[in-house]
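What follows is a set of structures for review.
Below are two complexes that have chain A in common, paired first with chain B and then with chain C.
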Partner chain A sequence: MLKGQLGLWSSGTIVGIFCLFGFIAPLVDYSAQDAVNQRERQFCPPAFVDATPEQSRSCPKPTGSFFGTDHLGREVGIRLFKGIQAVFFPGCLAAILAIFIGGLLGAVGGYTQGALRAITLGLIRIIDTLPRMVFLILVCTIFRPSITLIAVVAGILSIPTVATVVRVKVERLASEDYILAHIAHGFRPVKILLYHILWLQCRSVLIRQASFIFGYIVFIEAALCYLGDYGVQEPQPSWGNMIAQAKSYALMSTWPWLFPSLAVMVTIAAFMAFGNVIANRDEGAKR
Partner chain B sequence: MNRLVGFAGVVSKRISGAIALLIGASSIIYLTVRMAPGNAVDAITPMGTPDDIKQQLAADFGLNEGPVKGYFSWLSRAFQGDLGDSLVVAMGSRVVDEALPAYWITLRLSALALLFCLAVAFLAALATSHHQRRSGLMAAPIYVFTTIPSFIMAVFLIHGINSFVRYNISQDVIFTLDWYALGQPSDSIVPTLIGGLALVFSDGLFVDYLNALRAELTKLKTSQFIMSVKSRGASVWPHIIRNLWVPLVAGYAARLPLVLSSVVIVEKIFGIEGAGFLLIEAAKVRDLPMVVGVSLLFTMTVIIVDLLASLVRVATDPREVARGA
Partner chain C sequence: MKNLLAVKDLSIEFDTKAGRKRVVDSISFQVGEGEVLGVLGESGSGKTITTSAVLGLIQGNPGVVNGQILLSTGDETLNLLAGLGDVMTGNKGIEVKNVRRWDRLVSRRMKSVWGSQMTAVFQNPRASLDPLIKVGTQVAESVALAHPDWTATRVRDKALDWLQRVQLNAPERVYVSYAHELSGGMCQRVMVAVALAREPRLLIADEPTTGLDTTVRAEIVKLFASLIDEENRAMMYISHDVREVLYLADRVIVMKDGVILETSTAHDIRHGYGQRAPYTQFLLESAGIFEGDPNA
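Our next item is the complex of A and B:
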């Protein structure tokens, strides 16, 4: 995978921009650029593409829109920027939920024996059995779908992945000499488990999983919007509803669906690479 | 005799584990239905549903009874093939009658896509297992394959096909596909083929499988017993293939839930009339018996395939019986 400085800087830059925009997007007033302006600026091409004669009539130069406009004359660039807001906090929520519960279940499952271990592992396996997309659609059918609900359910469905990775690591660590030494010195099991094993040794694994879950939330929001308008609802923009809306007009203009699709793809790749690189560096530093 | 007793013990353990999983997973699905806000029956039925149908639905889901009793009466009816009647998508028809034929299409597509993925990954692993390090140039495309989500892959494919068709029409080219990527059902085989390819080469499925098989092959090739076979001058491949069988089967079962999630997206985008397509159509109009029925079928498949893979491992790998778990 992407290794070293190049991987860290390229993925870190994208993740940094995403997080920065996630924080500042709610503070920016974009009503003028997002106003419906159908007659005058419909399907304007991006600034770096030459307009056709037909487009030139409706899109006077300079358009002032680097990424072009959509079917209602709204700026794609501004909507891409505001779209981050839609998934940023839900993504954080899902990642925190999965990391906390998954980390604890994995630690308990890997460190304990007997009935507690069997119950924990059973619970993890039961949740793991549910096909994620199918279960999310079921939940969206029963409850009023919102991005927060989707993020919470996706976070819960990600618990087995986190728990399994942590459990495997904890099982290996539990028989290490230094852990046995801590037990012999009379450290409390809770402290050994939470601090010496989970925090000091499993941190890199948890960072990697949190990063993956964030990418997964970006994907799931886009997919559910495309499949059935379950995610963020118009007029609030999200990358998913931008792709979903643009599909009806795909023959008229490529740009309104291409940019959000690329944004989804690049963001997921960046979060996965960032998680891997950070975790690898952390593990390397420990060695 | 001892081995036979051990084998029977392990098999019975696995089967009882699968039954426990089925009860656990189905109870989550059932409790989700019961957690519907307000009056559960009103919340889970489309607007304007007649009262007699609402009462029938409440009886089907055991909503008039306590959660435990309601769950077991719903589960026992489900095992008898009674998943209720469809409310909207196939109004009045039994869910099983509609869902099973569609599910067969989905299962066939998922199983064949995964099998194709396995075969290609196996051949690629055989061809590349002697290279210990990937070159830097190879890493980037492999990384792209690892991260493209099935949804984005399908969107790119569908727009690519539409552009291809549009270009051919504008250039008066006679050759074109017999199918247009409009997401509508059709009789053509093209959407199934392209959808299958989208399944194989997205969500990191192929690369994940390839990496797992390469790692396994490298480990096997450098193991002591393969060295000893080599030193006797015998062919190592029968031994390698036999030992590779276990991770192949385990990998197949482990990746099926991922494929079953992706297939829902692919079917909807390419208009393949499988259970995923049916699920989304039913969800749009809040046809709950259909949604729950299809969800249960998907979940049961994951459990059954996992059980079958586990039984195959027990039958082919004596170490599984020795471990006794």
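Our next item is the complex of A and C:
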């Protein structure tokens, strides 16, 4: 009980902070251009670490930078914060896309018979055959890389996962006694499918999948930046391109890559855990 | 008495590993308006599959292969099996049915029948209620379907009234409960309320007391008796319990191995009038009812 609560609160707090920052980050004024070229302030350590005499000269106290500065003298803290903005709305977009289309395809594939079912399942399988990472890199090479494009493609590539869990659930439920009873009482099939099956019964798996997809977007953005500058483009900050930039100077200063890496790790872990905890709670409440 | 439902030469078959098996063989029966027809038979006699056929809810291949189910809706008589010949094709002596096309045909036709004309109460009451919706809301949904123009408050009041009429103590408390919070007997009462709130002309009760305690069974049977009497609805009551059927039914059909062995009035059976089929006699005796026992 306590363990479940602990997981809920810790992951929930991180997810909550992430979402809150995601909403307020666009309101905070940060001109990426202005922040460039303050080279005299490069590699300042975080406020909680004692600066070397050399660094003290270029980073006068108080530095005002809690997380230190990167190789261009830009504040890591503000870039971490604005980096959330880069993935938050695209993440929402991908999750909504995958949940709606995937849920609908899964429901149709599980509930209907005949040609419609065959077409739906075929479509799901075709998408499922695409290797996600390779396909994303391919898309980024063909088109101008943008995080929105990545999110849309990643959302579409997540459709099969969502559709399959929903389809299995719908297939199992369609022959349940109470669904037959609802039919016999004259409820409309569309209402039975959308409300009684999809909303009431598949809600928890959809929440779990949405949370996973969100984590996946954070991951894929970082990975694409790292692999070849496909993610969010400089000077727009994102966690991925912060790590990618800082890796060239990895030995000169640890802090510029450590914080975004930790942020990526913690955020993905929190979204995974949050999805699981919420879904398990919802399923537990049903019993 | 005018016929509400007339089943003629109904045959149902299923494909099994051992070949095609005929589970219901050319049965015919009628249910008059306001009449209670008892269907008596042991497990596997085909009584449940017959009700599924009447309801258009048969799952499996090929299902209904022959017959007519005539339902009088008041203004017209619907043949619920119309078009059956078109989906059957002969093939090496065994008829092949286009099940998909048939299912589509049935669900389109039954749209106007399910609920308003007939509805059902199944065995296993808890599984028949949506586990994630408050039972009161389920009754209310049923009321709202029967009266689409009613306001939410009126629907709620009527739903509460139904919970009262199925003799549930503290209807307000039951209204906000979930199925898993209620006992089996309470769930079955709610199920009866859900079915009757839809105001069907024919109620099909498929072994509604199976799996309930003896005392609860008696209460449910009495509940059916009083509600059917009050509303003057027609009912098909399917059971393997002779006493329940004799208590409720006006007329009784006895089924075994997919055929009807005997059709008789409950009155005749109770009083031992006329000739009994040997199997009926056996059923009566195994229930401890001996010939000419008017107290049965």
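We adopt the following convention: the second predicted complex is superposed on the first by the 277 of 287 C-alpha atoms of A that agree within 3 Å, B and C clash if a C-alpha of one lies under 4 Å from a C-alpha of the other, contacts with A are read in each partner's own complex, and residues count from 1 in each chain.
In the analysis below, a residue touches a chain if its C-beta (ideal position, glycine included) is under 8 Å from a C-beta of that chain, and two chains touch if they have at least 3 such contacts.
Note that the structure is predicted; figures quoted are calculated from it, not measured.
A.B. asks: In the superposed model on chain A, is it clash or fit for chain B and chain C?
C.D. replies: Pair status: fit.
A.B. asks: In the superposed arrangement, which partner chain does A:141 touch: chain B (first), chain C (second), both, or neither?
C.D. replies: So A:141 only meets chain B here.
A.B. asks: Of the partners chain B and chain C, which touch A:49 in the superposed model: first, second, both, neither?
C.D. replies: The answer is neither, since A:49 touches no partner chain.
A.B. asks: May I ask you to decide whether A:182 touches chain B, chain C, both, or neither, giving the answer as first, second, both or neither?
C.D. replies: The answer is second: A:182 touches chain C but not chain B.
A.B. asks: At the CA centre of chain A, how far apart in angle are the CA centres of chain B and chain C, to the nearest 10 degrees?
C.D. replies: Once the structures are overlaid on A, chain A sees chain B and chain C at 90 degrees.
A.B. asks: After superposition on the shared chain, which partner residues are touched by A:24: those of chain B (first), chain C (second), both, or neither?
C.D. replies: After superposition on chain A, A:24 lies in contact with neither partner.
A.B. asks: Per the contact definition in the header, classify A:96: touching chain B only (first), chain C only (second), both, or neither.
C.D. replies: Neither partner.
A.B. asks: With both complexes overlaid on chain A, does A:200 touch chain B (first), chain C (second), both or neither?
C.D. replies: So A:200 only meets chain C here.
A.B. asks: Tell me which partner A:243 touches in the superposition: chain B (first), chain C (second), both or neither.
C.D. replies: first
A.B. asks: Report the partner of chain A that touches more of its residues: chain B or chain C.
C.D. replies: Of the two chains, more chain A residues are contacted by B.
A.B. asks: Classify the contacts of A:252 with the two partner chains as first (chain B alone), second (chain C alone), both, or neither.
C.D. replies: A:252 sits against neither chain B nor chain C.
A.B. asks: Enter the shortest inter-chain Cα distance between chain B and chain C once the structures share a common frame, rounded to whole Å.
C.D. replies: In the combined three-chain model, chain B comes within 11 Å of chain C at the C-alpha level.
A.B. asks: Residue by residue on chain A, keep only those touching chain B in one complex and chain C in the other, then list them.
C.D. replies: The answer is that chain A has no such residue.
A.B. asks: Give every residue of chain A touching chain C within the complex, in rising order.
C.D. replies: 113-114, 175-178, 180-187, 189, 196, 200-201, 286-287
A.B. asks: Note which residues of chain C are touching chain A in the complex, please.
C.D. replies: 55, 57, 59, 100, 103, 107, 111, 114-116, 118-120, 122, 124, 127-133, 141-142, 145, 180, 191, 194-195, 198
A.B. asks: Which of the residues in chain B end up touching chain A in this complex?
C.D. replies: The touching residues are 20-21, 24-25, 28-29, 32-33, 35-37, 43-44, 139-140, 142-144, 146-149, 151-152, 155-156, 159, 162-163, 166, 257, 260-262, 264-265, 268-269, 279-280, 282-284, 286, 288, 291-292, 294-295, 298-299, 302-303, 306.
A.B. asks: For chain A, which residues are in contact with chain B within the complex?
C.D. replies: Its residues touching chain B are 1-3, 122-123, 125-135, 137-144, 215, 219, 222-223, 226-228, 243, 247, 250-251, 254, 257-258, 261, 264-265, 268-269, 272-273.
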